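In the two complexes that follow, subunit A is the common piece, with subunit B as its partner first and subunit C second.
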Partner chain A sequence: MDLGERIEQARQENPGVRIDCYVLFESHTDAMQLYELSRAAGLGARISTTPRQARSSCGVALLVSCDEAKAVETIALDSNTPFENIVPLPNQITPHRDVYC
Partner chain B sequence: MIYFDNAATTCMKPPEVAVAVARAIDSFGGVGRGVHEASLDAGMTVFSARQRIANLFGYPNPKQLSFAYNATEALNIAICGLLEPGDHTVTTAASHNSVLRPLFRAQDSGLAEVTIVPIGPDGSIDYDEFEAAFRPNTRLAAVTHASNLTGDVYDIARMAEIAHAHGAFLVVDAAQTAGIVDIDMTSDNLDVVCFTGHKSLYGPQGTGGLCVREGIDIKPFKVGGSGTHSYDREHPSFMPERLEAGTLNAHGVAGLLAGVTYITDKGVDVIRAETQALASRFENGVREIGNVKLYGGGGMDRTGIITLNIGDFDSALVADLLNAEFGICTRAGAHCAPLMHEALGTDQQGAVRFSFSHFNTEEQVDAGIAAITEIAKELS
Partner chain C sequence: MAIDRHELWGNLGMDLETHDVLCSVLPQAFGDVYLSQENRPEGMAFWDMVVADVHGIRPQELVDEQAKGRKVFGTFCTYVPDEVVIAADGIVTGLCGGSQFWVPEGEKYLPADMCPLIKASLGARMGKTCPFFRIVDQIVGETTCDGKKKMYEIMAEDVPMYIMNLPNMKRPQDVAAFADEIALFKANVEEVTGNEITVEKLAEAIKVINERRKALARVYETRKNSDVIPISGTDALLMMQIAFFDDPVRCAQMANKLADELEQRLVDGVSVFPAGTKRILLTGTPLAIPNWKLHHIIETSGAAIVCEENCTGTKFFTNLVDESQTTLEGMYQALAERYMKINCACFTPNKTRIDEVLALAKEYKVDGVINTNLKFCTTFKTEAPALEKALEEAGIPVLDIETDYTDNDAEQLRTRIGAFVEMLSE
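Coming up: the complex of A and B.
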């Protein structure tokens, strides 16, 4: 499946939940590079920890809107910035999550 | 104090260097050791430094730039990481001990043989002799871009062409040239450029590194914490982490980034021209003083170094007089360049090295000329 199909599948499997896309890397230097290029292109990327469901070689991921994931992928390919995968996952941040206290 | 020891460490830095280090000390986390604000601040700064420095060296890929703690460490990484048993290596008599000692250790342990290309008494190199030193098993030539004793600049593009014609790599010691002489890894076909941050890049001590052409595999001599692949038994195989282990000196790199940004904003050509003008002013001022001997000048260009002796007087005595009576900081002795001193005939006497920065002034240079005039008179 290509990226668009995987995003669509994630949306169907998680109705009503926002799907986020995580770009995974082998090296945090690659993450820094794609972050800088994506921001320079006006995309809303931010550096994030890698969710456990999307384990990668390095703990750093780039969190992007799935609506912009294809554009980020294009930037990575055009700039020869290596990445391992782009993984669509249900939104990991919820204000109603359990809080340890 | 008048500081003319910039070939050892630049003392006068752009003010933004100290500001950057102070900010980093108060705000940085570990590079690649988390994704919180403090870690990302450090990570982006280090990444920006990789970009800036790679760009300064004419290399397009910042991932090929690994940080080390100085040029000596970078040269050890490159030389030790490239050599295999039975290899042959080439260097020149202009080399600093940061090149010579790793090569001599390789030779003494039986790992590799070393051929040293002589340097002329004027600091010049014969490139035909350089080429003649290569053998079928020559793995690398490790050469200094400029002598730290005379400031003579050597033609590394030509050396790279020669090395490649013989199937060898060229490892460049750019300790004396990074930031003051143009270095273009792409157009000059350089394989590895090793640099230090605390000289003409205006960074803090404890910063340096190496830029490695893609496709060249250097075995890391230190492995350990990398922030990635933590469950693997082996250190990451990709650059730049391959040649870095343990927490980076991000505080220092922040200062280095500020120094390099200052250089690129001002222009290497401008800095070189201003520095050379001061060095020439000094050279012209001391040339005619009786009993003063000047060294070098046989290179294709020159950094901001002028080296001299007064008669046969101990260079340490002259440097001590300069310091104690005139408040002028220079460097006497052997300068970690034993073979260059032998080439110049100063291995017993040493020499007094004046190394200028574009932060020096003409008034300071004139004070240096006056001091040498007086000392020469006193010692005659």
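Coming up: the complex of A and C.
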């Protein structure tokens, strides 16, 4: 499935829940490069931890709106910024969860 | 595939299975606390990156530097003079444990009624679940509180340990005694690194650390604005927490870059909190990474933290070391004078801390003060009534909170802090 289809599938599997996209990388330098290019293009990318639901190992990810995920993917491809995958996930952020580490 | 840090951690002798459990809880906590915030400064991306791979990026750098022959010194306290280590081309990394994850391991060696920072720190070393604790060539302890002193004795059985004798009074003879102690530390650092500390090298190191202090102070300066709050306290805390681990030159560069952005935000009127948000000064015990609980609860309860008067706040950067000295002895004295101005509750008397909190409350134009101490931190707990009395006499509302690293009291804290913030609005 291409990115758009995977986002749509995640939306269908999680009705009523916001779907976010996480761009995964091999290295933090690639993540920072795509972050800066995306921000320069006016996209709302944010540096994030890698959710466990997206990958079993930790590391730097890019959190983007799924509405902008295709644009971020295009920037990565055009700039030859290596990335592993773009993973759509139901909202992972709950500010009043009060579970700390 | 992402860079697999397991080889790095395995080479450090870490307990990989248990460490993986710790790694699995960080993303959720970071997301809830940091990614839930709106309109964060762009400059925070650097610190977000560091924390997203907190046990990978910097530990790998340290191991790479060790391979070139450099030595890594682990420290727990703002009284240990980084300048001496830097002057010998050594590297300093903070070690304080700020996670409940490490506490049970620490309790295998320490009484349960000891502060969580001490228990977590020992637990991180003995449980082999923190790379920084495994990387260090030597740990530098200090005679601040009794709990840490006794913990160091246990840790010294597992890792090379050097203890600095920090006087607990601030008379001129105490400052002179600490200058002598710094001279002894210099000899230790020279022995560990194999590098001589010259006048020129120590002078340069003093400048490097002063530049870091100035950069961090610039960020704090922007938080004094009464109309615009350009950065959340939670973000400022992250910058401070990582300052203990990062290369000091890079830390200054990134903090200065952030300060540039925050100063522009003041010009543009860009605030991360709505107008009228109550301004809080947080004072008390340190908040070692990843202890974000209190900041997050306060800032999701209708208030903003605009200043931290603690070791992971103003204590870390306030006062510069005199750069005019031309002899090693003069520099030891200058270092001692600067470090002995830190107002920790391990000192007696410690009225200067009360004076400093009152002054900061005025400078940062706060509506109220939250005085917090980690459970079983006897020194901070004992001086809390005197601090609160002084604040009340100055007409500054104050809330006293005792907490630890667990999540158990989060709802209770939300209720108390919410009521305090509501009271500030009346």
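Going forward, the second predicted complex is superposed on the first by the 92 of 101 C-alpha atoms of A that agree within 3 Å, B and C clash if a C-alpha of one lies under 4 Å from a C-alpha of the other, contacts with A are read in each partner's own complex, and residues count from 1 in each chain.
Keep this in mind: contacts are C-beta pairs under 8 Å (C-beta built on N, C-alpha and C of every residue); 3 or more make two chains touch, one makes a residue touch a chain.
Only a predicted model underlies this, so the values are computations on that prediction, with no experimental measurement involved.
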### Task
In the overlay, answer first, second, both or neither for which of subunit B and subunit C A:Gly44 touches.
neither
### Message
Once chain A of both complexes is superposed, is A:Glu84 in touch with subunit B (first), subunit C (second), both, or neither?
### Response
second
### Message
By the touch definition at the top of the document, which applies to A:Arg52: first (subunit B), second (subunit C), both, or neither?
### Response
second
### Task
State whether subunit B or subunit C is in contact with more residues of subunit A in the superposed arrangement.
C
### Task
Scan A:Asp30 for contacts with subunit B and subunit C and give back first, second, both or neither.
first
### Task
Go through the superposed model and pick first if A:Val60 touches only subunit B, second if only subunit C, both, or neither.
both
### Query
After lining up the shared chain so the two structures overlap, which partner does A:Gly4 touch, if you call subunit B first and subunit C second: first, second, both or neither?
neither
### Query
Which subunit A residues come up in both lists, the one for subunit B and the one for subunit C?
26-28, 32, 35, 47-49, 57-60
### Query
Which of the residues in subunit B end up touching subunit A in this complex?
31-32, 34-35, 40, 43-44, 47, 50, 62-63, 227-229, 236, 238, 240-241
### Message
Can you tell me which positions in subunit A touch subunit B when the two form their complex?
### Response
26-30, 32-33, 35-36, 47-49, 57-60
### Query
Inside the complex, what are the residues of subunit C that reach subunit A?
1-5, 22-33, 35-36, 40, 42, 45, 48-49, 51-53, 55-57, 99-101, 290-293, 296-297, 300, 405, 407, 410-411, 414
### Task
Give every residue of subunit A touching subunit C within the complex, in rising order.
24-28, 31-32, 35, 39, 46-52, 55, 57-61, 63, 84, 92-101
